[in-house]
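Both of the next two complexes hold subunit A, though its partner changes from subunit B to subunit C.
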Partner chain A sequence: MTVAVANLGVYWRAIPRPLRIITSRLLMLVPQMFGVMMVTFLLVRMLPGDPALLLLGNMATPDTIAAFREKLGLNLSLWEQFVHYVGNALHGDLGVSIFTSNPVVTDLLERAPATLELITYAMLLTILIGVTLAIISVVRAGGVVDIGSRVYGLAAGAIPDFWVGLLLIYFFFYILGWAPAPFGRIDTFVSPPDTVTGFYTIDSLIAGDLNAFVSSLGRLTLPVLTLAIVNAGALMKMTKTTFADIYRSDFIRHARASGLSEGTIRRIALRNSLPPIITLVGFMFGFLLGAAVLVETIFAWGGLGQYAVQSVVNSDYPALQGFVLVAAAFILIVYTVVDILYELADPRIRV
Partner chain B sequence: MTRFIRYVSRHPGAMVGLTLLALQIASILFAPWLTFYSPEEADPLMSLQPPSAAHWFGTDVSGMDIYTRIVYATRINLLISIVAVAFAFVVGVPIGLLIGFYRNWMSALVMRVFDFIQSFPVFVLGMALVSVMGQEIWNVAIVLAVLFIPMFARLIRAEVLSLRERPYVSAARCSGATDGSIMFRHILPNALTPAIVQVSISIGLAILLTAGLSFVGAGVRMPTPEWGLMVSTGAQQMILGVWWVALFPGLAIVISVLSFALLGDMVKDLSDPTTRERL
Partner chain C sequence: MSDRNSTALLKVDNLSVDFGEGTPQALSNISFSLGRDEILGIVGETGAGKSLLARSLLNLLPEGGRFTSGDIRLEGETVLGISEAEQRKIRGGRIALIGTNAKALLSPVETVGAQIARVLRAHRDCSQKEAWKAAVDLMVQVGIVNPERRAKAYPHELSGGMAQRIVIAMAMVAGPDVVLADDATLGLDATIQVQVLDLLVKRCRELGAGAVLITHDLGIVAHYCDRVAIMKEGRIVELEEVGKFLAAPKEQYGRALLDAARVRPTPMVAKVEDPVLEKQPETPLLDVRRLLKLFPIAGTPDVVRAIDDVSFSVKRGETLALVGESGSGKTTVGQCLVRLLDSDGGGITFDGADITTMPAAEFRAMRRRIQMVFQEPYVALNPRWPVKALIAEPLRLDPTLDRAATDKRVRQLIDLVQLPAGIAEVYPHQLTAGEQKRVGIARALATRPDFVVFDEPTTALDIRVRAQIIDLVRDLQAEMGMSALFITHDLNSVRSLAHRVAVMRYGKIVEEGDTEMIFSAAKEDYTKALLAAELPVEQGTAQRDRAETRRLAGAAV
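So, the complex of A and B:
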């Protein structure tokens, strides 16, 4: 037995390191996904009352309820029900939305690109603002940017994102008239581009439709700005701490003593503070997904977040259950990718 | 006490934080005397009045006085947040102590469960839980408490892990102290500081989450005065240029969260012996 285990170890070591990192991390994903499904399953079972009635809505007849009880296996033990649920979920069956009467999977897939486009651009702008401010305030410590960013960091943590969104709408749409109305991803009179990636900005460029590109870019501005203003503060604070530690470390002092230019020194310092920043950016993705729920509501974005809010308002439990499952799965995948990148970036980590 | 006064007098941030806290306590205690209208009584004839001498912050769509509602909402918002954080502290601290002190499979399992809870986006999980449990004020508090327990347990556990190896713990053990007395009498008092600092920050976070939940309709419901709910009633009007309905309750959220962040900084400085020496 021990010999066999030792042999396994030898085989394991023979696999190239990147592959080892990816396999071990992907294997961890299985129990995690299992846990996520357990939570979403229990979420609806926690509800007082008959889950069949709740999942079908008030319009259901006793016959359909009985049939649905059978389909859900509500007469079986809790454990068997769970196995049922996992089986269905793995086959892409998350039930039918009470409100839209479409399969939840169809609804979610239809709306996912809107949310992904929003949070991707928000992420990019957040990184741009957060990291730039952090670097300037460390390099020019005590300067205007340093002091300003300290105030901003404190304030950004206290401002509700939905409120910032509304203020931006008031100033840039109502007062100044610069921004388009907060009604969705593209002007009503502009037809959306053919779907390739699902991102309107990219698809319109592929289609060569400049009109649609400008329109969708305009619509993105305020919601992306809202998310970035609120979230860049946290990223800035944490990047500042990491970057400041490295910027004042011995090897940077050595680099400076060796006569390297300030530009080169900053580049070295930034590259060495990248691993923790990568982790942070991963966390921010999860955070932005939560924040998107609020921001999408304000801008009538029509993405996953608005779908989730709708499902809460309409007590549409299959939809809510599906959204939580997909959101958690998305985050788990992002974290997995982040972990893999982190381990690949740092050769000192043993796998 | 003199040290505290000296600290506050030298730190404008702490001064601002304490002043804002006093303002909120006054709002909670003296709401009926500070306001001139009823917080839940609609007056259709006075719908959407701009700020004036009679209505300092204007009125909302059903004619309720916004200033009055903001003052009364302090009770709801702070009550939910403080109850949630207190509950999370009381439950999370002993759990953290136990899983830090006993290093067995149970502790490992609890940690995995915490990892797992924390891997969900907080707002999404909160929204789903409140909507499933029913949109009652107490349910919002309970859900927030559950979401915050892992944070406190983790902070305590991290401290306990290093403290349990200290010589004074071995000394206590040699003199015949039981596990319980080592944990609660010797380790706990030394492990509490980071968790206490976190209390203030968490209250701010809870206020933001409560407001967000009510904003999307998964929290407190009308006509209860609550800041996030008040912002949401003004959301549609913002596009039409009616700014006061959403602006003022939002400011109240910012002020409240900011005060708890500043107080958190103050508690952190005061509990840190190295800053104490500099005073």
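So, the complex of A and C:
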């Protein structure tokens, strides 16, 4: 038995390292996903408030409530409800939202791309700002950027995102008039492009609709900027610490003594700083899915966060469950990607 | 040709460095010159400014450092005060640095081949592919077998010696005129050290480059260098041809270093009339029988036989030296003796009791009698504790000691290892390497053990400090009559310390015998190879011949 296992190990070792990393991480995804479904199902059930009562209002008779509960399947045992739920979920059926009366999947498919587009661009800008500022302030220590970024790092941690969003709207929309109105993802007079990816910017390019592209890009500017400004501070601080340590390390000194150019040296240092940056970016990305809700609200974005808050307020179990499931799946995927990238970035990790 | 002779390859003129106004000079009035095909040794103890000098030559002073006077000329042209781009061409291109601890000098996330190729591309116009090929070719020349595969390895997959060769290849790849080797072989096994230095010197000769070997090992100087500069407190106190220096150092300091390096006190011989040994020769204090320690290799059914059927014994008052190169399993043996590792077979009998099968609770009491001095004292000392707390810690094993008694014992121990009493309040990071070793020894001796395992007690210490530590251990043994196992690869220290020597290789003891017998008439080839790898502080005929040839050729001194 042990020999067989050991032999398997030999075959496993023979697979190229990147493939080993990806396979093992993807295999992990299945039990993790099942666990997530179980936990979200139970957690949502523990929330107070009877949805049947809530939907039917105070005038409902006990009979109508009972009938409605029957219809929603709320009378079954927890276990039966769960089995039911998993079975349906596997068929792409997450139930019907009690509040919007739409299938939850339809609601989510409409809203998830909105949030994803917003936070993807926000993350890209966050990385650009955070990492660039960190590198400059280490390389030119004591310079203007270094000092400025310190002040910024302090402020970014303290100012709430909705406040930044409101300020941006006030200046760039209300006072200067440069930015488009903070009402949704695209100009009311421009029709959204056909859905391919769900990202208006990409879909409009695919459709060759330049108008829609410009409009959606314009609408993205302020919310993306808001999220980036708020989040880049943390990323910058962390990157700065890591990068500064590596920038002073022996192998960087040796690279300099070998006559490599400063550009190359910075690249080497950045390449070595990647693992912790990857981790934090992954964490932020997963976190923003729900945490962007205030920004979504301010810009009337119609995203996932708003949907989630709504369903909590209305005790909309299926909707809430759907959201938690999507969010958990998303975070799981992001973390899986993070793990894969991390292990690819650091050859010292054994897989 | 005459041009070459008239202008030195590298000329350092009255160079001084400090770290800001009013600070003492870290380097003061350093002057020397280096010709083509010449090897200059720079010797000094820790803090003498050797490494700073190496960095000065590349104009890469540490933060805050500045030149206050002097000039550095490479073939007559100054390297100071030129543009950053020109300096970059010189670094690695014309003056290359090989540093200590090669593994730390390589970027951990990139393949070594790519790192060598990158240096070439920084200095030569060539494609990625050409650079890679040049890197692989050079890896062959620095003695790396299977270079195509090794080039794709990451630094953590290489041994220390292999990594050092990679760093040498990085230095050589652009064909520099001057090679600076800053303690390039520190921490390597003696046999590897000789291989690496041989190779380095050979490559320099082939390139016609000049080399500066910075070291604290006068054996290296005697063996490889043409001239030697002795550094102390940022100055060159003596600059002389190696032969002349070894014969008659002019300065007091040079003589002190040379004497310390040559310390080979009367060898330890277990004399028949030795009263301690005569009393009870039959039952050894420690008896190791067929000891076995296996480490599984992850993902395979194979195991590494770190200790493979090892047997030896140590009598009361006797010192056994366990000598071997890194990876031979000698440290693992030491760790099994103090049960930091559990053995996989065989027995260890200490004073009649088998300690391999003893329950952990019972062995705890035994620890008072068996102690270990760790290899890296700084790592083994809790950085948040002052010296007195560090030394008092093992005393807690003895419940009969009250606070006053403990304090008294700590003072005694500090005195015993010849440290000043004031050191009790000091924290580990404020201690020198030698003081850290002494604190480590004091900790081990605190419980008055019968048996002490010394794991590499003299590694990485300055010449004079090493001699002091050896003296200390000898004195302590004479005073306390304890038995010891001395784990080391430093054969010099063994000769003056141990009664008997056991040579380990690949987890087995290949040869064992009385110290003098091993030194004078080793039977095994491996033991002979180890002995040959030690660089004595004397010039061999080859070096003398070379010196003579150089003298006749009228090389500049």
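General observations
Here is the rule we use: the second predicted complex is superposed on the first by the 315 of 351 C-alpha atoms of A that agree within 3 Å, B and C clash if a C-alpha of one lies under 4 Å from a C-alpha of the other, contacts with A are read in each partner's own complex, and residues count from 1 in each chain.
Simple rule for what comes next: contacts are C-beta pairs under 8 Å (C-beta built on N, C-alpha and C of every residue); 3 or more make two chains touch, one makes a residue touch a chain.
For clarity, every value in this text was computed on a predicted model and none was experimentally measured.
By the touch criterion defined above, A:D250 lies against subunit C but remains apart from subunit B after alignment on the C-alpha atoms of chain A. Touch criterion met: A:D346 reaches subunit C, while subunit B stays clear of it. The partner that reaches more residues of subunit A, of the two candidates subunit B and subunit C, is B. By the touch criterion defined above, A:H91 lies against neither subunit B nor subunit C after alignment on the C-alpha atoms of chain A. When the two complexes are overlaid on their common chain A, residue A:L320 makes contact with subunit B while staying clear of subunit C. Once the two complexes are laid over each other on the shared chain, residue contacts for A:I159 go to subunit B alone; subunit C is not touched. Residues 32, 35, 39, 43-44, 46-47, 154-155, 157-163, 166-167, 169-170, 173-175, 181-182, 286-287, 289-291, 293-294, 297-298, 308-309, 312-313, 315, 317, 320-321, 323-324, 327-328, 331-332, 335 of subunit A are the ones touching subunit B in the complex. By the touch rule above, subunit A contacts subunit C in their complex via residues 2-3, 6-7, 9-10, 12-13, 249-251, 253-261, 264, 268, 271-272, 274, 345-348, 350. Listing the residues of subunit B that touch subunit A in their complex gives 116, 119-125, 127-129, 131-133, 204, 208, 211-212, 215-218, 228, 231-232, 234-235, 238-241, 243, 246-247, 250, 253-254, 257-258, 261-262. On the subunit C side of its complex with subunit A, the touching residues are 55, 58, 60, 88-93, 96-97, 99, 101, 104-110, 118-119, 122-123, 154, 156, 167, 170-171, 174, 298-301.
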